[in-house]
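Shared between the two complexes below is chain A, which has chain B as its partner in the first and chain C in the second.
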Partner chain A sequence: MSDEEQKEPLQSSLRVQELIYGLKIGEVMTKKVFAVSRNCTMRDVQQIMKSNGITGVPVVDNRRVVGFVSMNDVMTALEEGGMDEGVIARMSGEVQTLAEEMPLSFAISAFNKFSFRSFPVVSKKNELVGILTFRNINLALIRELSRQLREMEHLHEYPEEHASLELVKVYQLNRYDFENGGKASIEIKKFLKERGISLALVRRVAVASYELEINLVAHSIGGMLSFDINKDRVKISSHDRGPGIDDVEQALTEGFSTANEWIRSQGFGAGMGLPNVKRVSDEFAIQSAVGMGTMIRTVIHFKEEKQNED
Partner chain B sequence: MRLIQIADALEAEVHHAPKGWEQISIESVFASDLMSDVLMSDRDEMLVITSLSTEQSIRSAGIVGSEAVIIANNKTVTDGMIALAKELDIALFCTIFPKYESCIRLGRIMGL
Partner chain C sequence: MKISDIQSLEGFACLQGEYTDTQVQDGYTSDLLSDVMAHAEEDSVLITIQAHKNTVAVSSLVGVVAIIVCSNRPATDDMLEAAREEGIAVFQTDGNQFQTSSLIAQHLASCPAR
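And now, the complex of A and B:
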């Protein structure tokens, strides 16, 4: 294996990682949740755990999660003779919840960061909608991987006519690796240019992609940039493993930047990166959670020129 | 104006130039050391003048479709930058003049 090959991770392994980013927690979680209200006792919880084979039960008040009783809490109550006490006295009051809209990668970070075996999942309205365990994640990955395998087998049997403007490619980017930050964008730019896409559109794709690459290199601890191109549009997604953005709205404000002197010395960090990505994209979505990572998805359509939003 | 007029006016050293570079038409000049700003521009037939002598300057210019990059202030142009300019086939010049003076010289030939 040449040096070049050793440095470049396999596309297949990157595709698996991309899966983790592409799936949402809401698609993977168990939707049937057993929860208890504030006035239940620890014995009630133990009964629910036993009859349903689960290891943790959220405590809810009007569908909002207010606490969590784990197997450990039940054992401690047993030991101390507190099984008839209310859950309020024995639950963990500070519950780490996950949002159903978050990518699965955030959940994996949460499992790594906290020692919990399951997380309550909440909706945008902050209401309990499910529960996520590592088992859910494994099952979802196996399901998705077999689906992809089936598709690949199908493609193998019935090879499609060669579509010139189709490409799925994932690039890995490392922290502070300014030397390689930009290579993906240059490659994609070349790909589109060679296929006769108009220069203005090529520039928009290249700018969005390049700003995202620079962001990954300058601000994240490392991540991935993936491209999904077909005859109608380019989809770019950027995912990183952290540190996550505290205030997304602020990060989207022109001129706001957390860049250090070194990043600035490279000619970046003027706080224009994300606003610029948004400017050139037809669709733009960002999700971030501190300690878990940031995910940005943008779409640029080939057909219609970008509508003026003002 | 043509790229050859620019090279003359700035007494530029040519590190890389695409075939037929002399006749490349330049309609606008963007002078900045801030690549974030360069990336915001959507002009055509553009020239970037910068004192930031890094590969990222060449890349940023290439991303926005700039025709040429001029490194001002006689800064050292690295082999990596030249290789990148070749790969992107974008003209890469170096001038002894600082950015401000370079702009004045170009302004004159543009009749500004």
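And now, the complex of A and C:
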């Protein structure tokens, strides 16, 4: 894999995309990590690699990742006769880590962006909790797809009665495609209205969905919006492939916008999008990493009154 | 006032006339679609200079029944097409947003819907 050429993002089927957005890095990574401390030598690392069949070892200090020794670093040390040197001298000190609660899609972006074969995974406290290789991703996808296939086969054999208020739908949105921005929201609004959901609730769903749709079109390089509706609630998830939000706090501030002139001339980019979504949602969660993407999940309940106002 | 009453106002032209002629309950003036999204009331008339397809999308989502395009701004064909599909009336006027708002407000007050 080369990090010079910007890789075209893999266009996988919607089902696979759903999976890579739905799975978290923490669920997929290898939890058994071989790490070394600062005072180990390159020979120690090489031993660990050899006996465990791994290609990269994080260097930790008090559970924090301070460096990474790859197979390449070991080979260079071998060539230069530096096997007895400490890892400090030979590791790469700038390590790209991934957070365990990030969606798998972020990891895939990271693999596309950097040439590393594996990434150390850290917890919220920034402590090393695992390691992620492409092998982990492949295995997880195969496992999940097999499970889904089994379910589909089962459903095929025993078709169930479809409840009227049930829908799972995924919409693909492209950058600057204002033409189609709004289509998903209008369809979902009609679906809910036809099923007798109150106007106030339909409107909340419409607001959240429309703002997310426009966000994908105006600010992301492309992504998808998925709806999961049952009798109790509407779950909307928005995922994109980048560029990611630098300061999420700021993006949630009313009036803050990075929209360009053209977007503004279309009546958007007033910095009301995300605050609007948050305001109408019962549950709201956002995750973003620059260069990897943004994921927003929001839930609107049918029954209960909205609980949190901010 | 009813939606069709807008058409008979001076300086108003109807650009999209396929709609159900219901009562207009309220009005909202804004060129920021997110603002319309957040605050416009159901069965309102929207007074704006944003004359494109997304204006219709937002109107449809919040239940705006008629759009008045101010300052004789041209409306795009796909906007009118979308409005036809959604059954939303589109009018055009030479007045600006302030003039149009005050005119519509007077009419709403003199023939209250409720």
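Here is the rule we go by: the second predicted complex is superposed on the first by the 295 of 310 C-alpha atoms of A that agree within 3 Å, B and C clash if a C-alpha of one lies under 4 Å from a C-alpha of the other, contacts with A are read in each partner's own complex, and residues count from 1 in each chain.
In this text, contacts are C-beta pairs under 8 Å (C-beta built on N, C-alpha and C of every residue); 3 or more make two chains touch, one makes a residue touch a chain.
Computed from a predicted structure; not experimentally measured.
In this overlay on chain A, chain B clashes with chain C. Of the two partner chains, neither chain B nor chain C is touched by A:293. Contacts of A:276 after superposition on the shared chain: both chain B and chain C are touched.
Of the two partner chains placed by superposition, A:120 touches none, neither chain B nor chain C.
Contacts of A:268 after superposition: both chain B and chain C are touched.
When the two structures are aligned on the shared chain, A:206 is found in touch with chain B and with chain C.
With the contact threshold set out at the top, residues 178-179, 181-182, 185-186, 189, 199, 203, 206-207, 210-211, 214, 266-268, 270, 272-273, 276, 279 of chain A are in contact with chain B in one structure and with chain C in the other. Across the interface of their complex, chain A is touched by residues 33-37, 39-40, 42, 44, 50, 52, 54-57, 59-60, 62-65, 80, 87-88 of chain B.
For chain A in complex with chain C, the residues that touch the partner chain are 178-179, 181-183, 185-186, 189, 199, 203, 206-207, 210-211, 214, 266-268, 270, 272-273, 276, 279.
Those residues of chain C that touch chain A in the shared complex are 31-35, 37-38, 42, 48, 50, 52-55, 57-58, 60-63, 78, 86. Those residues of chain A lying in contact with chain B across their complex are 178-179, 181-182, 185-186, 189, 199-200, 202-203, 206-207, 210-211, 214, 266-273, 276, 279.
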